[in-house]
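Take a look at these structures.
Look at the two complexes coming up: chain A is in both, with chain B in one and chain C in the other.
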Partner chain A sequence: MGDTFMATAVSDRLRKPRRRASQREYTLTIVLFLLPLFALLAVFIIWPIISSFQLSLTKWNGITTAREFIGFANWLQLLRDPVFWKALANNILIVVLSLVFQLPIGMALAVLLDKGGKRLRVFKTIYFFPLLMSSVASGILFKYVYDPTFGLVSSFLRGVGLGSLVRNWLGDPQVVLFSVLAVICWEYIPFYMILFLAAMTGIPEELHEAAVIDGATENQYFWRITLPLLYGTIRVAAALSLIGSLKYFDLIWVMTEGGPTRATELMATYMVKEAFQAFHMGYGSTIASAMFVIIMVIALVVLRITRRKEA
Partner chain B sequence: MRSKRTVAVILALVTLLSACAPVATPAPQAAGPTVAPAAQPTQAPQAAKPGEKKITFWHIGSDEGSQKLIQDSVDRFIAANPDVQVEVVPLQNDPFKTKLKVAMGAGDPPCIFPSWSGGPLYEYVKAGQVVDLTEWMNKDNYKNHFVDAAINQATFDSKIWGVPVENTAVALIFYNRQIFDKLGLKPPQTYDELLDIVKKLKDAGIAPFALANKTKWPGSMYYMYLVDRLGGPDVFRKAATRTGGSFEDPVFVEAGKRLQDLVKAGAFAEGYNGLDFDTGQSRMLQYSGKAAMELMGTWNIGVFKGDNIDYYNNNMGFFPFPALKDGKGDPSDVVGTIGDNFYSISTKCKYPQEAFALIKYLIDDQAVAERGKAGLIPPVKGFMTDDPVLKQVISIVENAKNVQLWYDQYLPPDLGEIHKDTSQALFGLTMTPEEAAKQMEAGAKKAFGK
Partner chain C sequence: MSIGGSIKRSVIYLLATLWLLVAGVPFYFMAQTGFKKQFEFLTSIWGLPKQFILTNYATILRGNFFHFLANSLTVVSVSVFLILVVSSLAAYVFARIRFGLSGVLFTAVIAGLVIPIHVTLIPVYLLTTRVGLYDTLWALVGPYVAFSIPITVFLLTEFMREIPRELEDAARIDGCGPMRSFFTLILPLSMPGLATMAIYNAVFLWNEFVFAFILTSSTAKRTLPLGIWEYQGQYSANIPIIMALLTLSSLPLIVAYLIGQERLVKGIMAGALRG
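Coming up: the complex of A and B.
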């Protein structure tokens, strides 16, 4: 025993000097590996964000080389801009409706596929298709589907005698946002389905067996055991949905361009219109910067509130 | 642990450094705005070896036919000028508008680019991004090759900034001859007759007008014609040039009222504000016989021909927008453009002379003949064609005392957007004509400063 003690003491001492020299190497290696990533991040994300804030302080039409510095005038205009607030309200509406529909339905499908096992494996692929399609292609497809005269939806309703329910799906300002939202849900539910399904397969089967032995019903198992165990995943899903809805652009742009008459205007579509169509690059940058701040704040707040100490 | 902290600090510094370096310095004041942003890409100096002059040429002929027309001209230019390389980039309409703005802003625009003349081109002219072509156009009186109205569209501050090339396109009411024959209808001479036709079509269960107004410009054609027929071209001109007119002039309000009357009479097929012209939703209504008419530019002739040759041969007809008895406008006037696409040269182009020579090939005699065969009407004097359809259009244009350029192409871009937004709102009955006029006038004051 005395010998081993001596041996470890000696080898410890031999190890120490090597650790000090290699610590520098170690640090250097880490830095070098991460450098390319950070360079990319800096060039494509951090600098554009800083640049947008700078541009928001200017009046610029996007094509001259000179930009006129006007301080916070754009920001003041933004605060008083009814179109921006309507856009923000539309974004919030999308946030709420996405959380209410996309996550629960995604969860339901995940439970279904989890229980169904091998027999329902093919549905995993089928349900995943909407997410795989290009948003632009889906948008154009659904424009035809929603055509009041020829589209699938209207024709189907008339065919089953519910013709009175037919609306001007994409032209009526009262209905249009919900029409597009339906397509957004169709596109993103598969994402949450896969997310939850993956998390569910991480729950050991023994837990289920034990619960059944103790007399739990499937219902109780889901609400009292599965759901709480998925809390972390649900939190992530909610955060992703929140952020995605606040910066949403694709389908709205393709299907309505924010219209008709601003009924589906979002912060992102308003930004594109101001910056690239109206030649107001300075104001467009203000909208972009405001979006950044709003989304950052809301996301951080939500993540903070939903934080739970890891067991 | 110390190594973790060191790593974090080093990375933070690197990130900050990359962010600080290419920061653009804002221009000091409106008085002397010529501070170039530091982030301007410098072009590598090019040695002028033979065969090494390079010209970039963007155009928006996205269908095969248009691409071929342009490529033919380019090929003939290259054959005659072997020392010049031409990079041709065909782009789609709306993406092109964005791409050009970004390229201009970044200081890297193409040598030759198209525009629809009017306000948007003038924005680029004011920004010093367009080459003044007056001298070259006057040489050998080249500008006399073109219809005067076309040259006027590209003239600002008494200088010529673009060459009219593509097409003469005016808005006419296309109608389905077979439906009209079946119901015993004839093309109307007056607006009242048109309203009567609208009623008869509705009674027969056919939508009078197909309208795809998601992109807002198709609907604005109705508004522009109503203004023109009610008050003549001077009302708009005075308001748009701020020479004693106003967008709140009673003519604009009355035009809005008539437009909404038309909407309330059910003249437009259902869903109009949500249908997309580019994906053919208004054409579908006409091909299927569910709608009988559409007010659209004469490029539609080529579209029908390519889309549905049966409809083109057996059904397609058109007549000019009818006269308003109580209006001051001349019923021969049309709304449209002489030239459609104009080609300009950017000031950043290294070889403007060669670029201008290339543009000349786009509209030389052979190109003019090819365009005529393709169903286009090049804006050149004395253009002849055997096509009876095109002959009809040419005679309508030649008889017009005035060609009113589309408002959204004439006005500065942001005012053009307000015009499109307000006219779409008029169609949707979500805005009163007075409110629409007020917004246009307020926008004009802001855009022009007076």
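Coming up: the complex of A and C.
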């Protein structure tokens, strides 16, 4: 992409507009056309980020006019705050497990649909449904699916004689994170499935034919040809999953609000609780800023790694 | 086909059916429970209702459902319109006009893709309160538009770069300036790209939760996701009513999907396919 951009840029420069009226008009266009964009970004993204860091140096309940400047006290508190570390650990666990489950299952389903062709069209339609639900709706739905007495999971286990496995899925700190994670997978696997399927459809059929003629088995074809050709897409999927998991909020908030006993607390849920329930605007901003720093650093590292491999 | 082939096909169908159950059973549960009476639900979770009753739906529809729906429609359509206007203007500049800061500014916009919205929540909340927009639908439009801009500008820029330059060059020789060339040439040719981005943003904003949660508080100003959330608090003991509500609230997107499958999928995936 970068190269073609340079190329068009160069050829563009050689082909300067003939009419002279342009220069001023071009400048005017650039300014006028970019103004709304950067005004919005400044007000709703850039300024808030700066403001968050400023607020993180204060102690403030959000109501009184006086904000007490306390330097880096909030940041020192954050470093010693077991809840924040717990939240970060949960975030990381979600990152890892999302990568481990969502991508391979998404890939497996894409292969199934690719092999099944038109006959599996109805399957594909239904596979996609979870992605269309709002996180709020699927969160509430699964609260009832997980109900220990009237929920589907428990009643299914009892029905097949595994009643002893029934847990209080969302109430037991030992299992709750996994219960929630299963819902996250349920909702997002279709996304990766469609992403991989689209990429697979882009692989020319001739490659498959040629491989079969050369005596390759389906297995070999998948591991040696399909998968390597999908590396680019897989990297994108991994980056999306990684950054998405670090920002995670909606579904957990709806299902558990980070509980019980902080077993599903995430950076985002902790931040919302501190800022908008306990009205610790200063400390809430500290958590938010820390989250920002962590995500930006990880995003940069991920970008660096993927770019190096591409070169 | 050999025996191996038919075994393979059976395995494919078996696995496909397995995931069909995983993906579909929660929807079956949701849809059929909504037609049951509370008592029937408590005695039979899995079976279809003996009698499909509509009272749960009636309860929901007599409540604030249409109000939430209207709020969502308003916020989403206003936001999507503004997103397209602001982004197409900017994308045109990035795709078609060469100037010194272009690369830097474009990178700055793209950086917005990874910024977690949570870092802006407190300042945006404070700003909204200060300008008196707290608990209004308009409070949502600003953040919605701002956070949708990076991806939309990025993809529209790619789209506009693909449009052949010859057209514009010809127009330029005839004395057509950049603004006119945007409105008469590039914008009409970008319609497919705009449609895709409209769908992508509409689906995303239709389900948005955090800003709506932080920036509104009264029932009158809730969008659909927040409305569901409130209902759930109100009726949490009556599972069939909740399920009727969830079914109703999921219908708009599911119906849209069934009607315009390819388009919608393309729209939703637009954000990811930039790789």
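In this text, the second predicted complex is superposed on the first by the 271 of 311 C-alpha atoms of A that agree within 3 Å, B and C clash if a C-alpha of one lies under 4 Å from a C-alpha of the other, contacts with A are read in each partner's own complex, and residues count from 1 in each chain.
Quick note on the criterion: contacts are C-beta pairs under 8 Å (C-beta built on N, C-alpha and C of every residue); 3 or more make two chains touch, one makes a residue touch a chain.
Since the structure is predicted, the reported quantities are computational estimates derived from the model, not experimental observations.
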Original post:
Looking at the combined model built on chain A, do chain B and chain C fit side by side or clash?
Top reply: clash
Original post:
Counting only touches as set out at the top, which of chain B and chain C does A:153 meet: first, second, both, neither?
Top reply: neither
Original post:
Does chain B (first) or chain C (second) touch A:26, or do both, or does neither?
Top reply: both
**OP:** Have a look at where A:51 lands relative to chain B and chain C in the superposition and call it first, second, both or neither.
**Re:** both
**OP:** Identify which of chain B and chain C touches the larger number of residues of chain A.
**Re:** C
**OP:** Considering only the touch criterion stated at the top, classify A:120 as touching first (chain B), second (chain C), both, or neither.
**Re:** second
Original post:
Can A:144 be said to touch chain B (first), chain C (second), both, or neither?
Top reply: both
**OP:** For A:281, decide between first (touching chain B), second (touching chain C), both and neither.
**Re:** both
Subject >> Contacts of A:135 with chain B and chain C, given as first, second, both or neither >> reply: second
Original post:
Counting only touches as set out at the top, which of chain B and chain C does A:34 meet: first, second, both, neither?
Top reply: both
**OP:** For A:43, decide between first (touching chain B), second (touching chain C), both and neither.
**Re:** both
**OP:** State which residues of chain A lie in both footprints, the one left by chain B and the one left by chain C.
**Re:** 26, 30, 34, 38, 41, 43, 47, 51, 62, 140, 144, 150, 276, 281
Original post:
Mind pulling up the chain B residues that touch chain A in the complex?
Top reply: 2-3, 6-7, 10-11, 14-15, 18-19, 22-24, 26-30, 33-37, 40, 97-98, 101-102, 104-105, 107, 123-124, 126-129, 213-216, 269-276, 279, 281, 284-285, 288, 290, 412-414, 417, 421, 424-425, 428, 430-431
Subject >> chain B-facing residues of chain A, complex >> reply: 23, 26-27, 30-31, 34-35, 38-39, 41-43, 46-47, 50-51, 54, 57-58, 61-69, 140, 143-144, 146-150, 168-173, 176, 256-257, 259-262, 273, 276-281
Original post:
chain A touches which residues of chain C in the complex?
Top reply: 8, 12-13, 15-16, 19-20, 22-27, 29-30, 41-42, 45-46, 85-87, 89-90, 92-93, 97-99, 105, 108-109, 112, 114-127, 142-143, 145-147, 149, 153, 161, 165, 169, 172-173, 175, 177-179, 182, 203, 206-207, 209-210, 213-214, 224-226, 228-229, 232, 239, 242-243, 246, 249-250, 253-254, 257-258, 261, 265, 268-269, 272-275
Subject >> List of chain A residues in touch with chain C within their complex >> reply: 5, 8-9, 12-13, 15, 17-19, 21-22, 25-26, 28-30, 32-34, 36-38, 40-41, 43-45, 47-49, 51-52, 55, 62, 108-109, 112-113, 115-116, 120, 123, 125-138, 140-142, 144-145, 150, 152, 155, 186, 190-191, 194-195, 198, 218, 232-233, 235-237, 240, 243, 246-247, 249-250, 253-254, 267-268, 271-272, 275-276, 281, 284-285, 288-289, 291-292, 295-296, 299
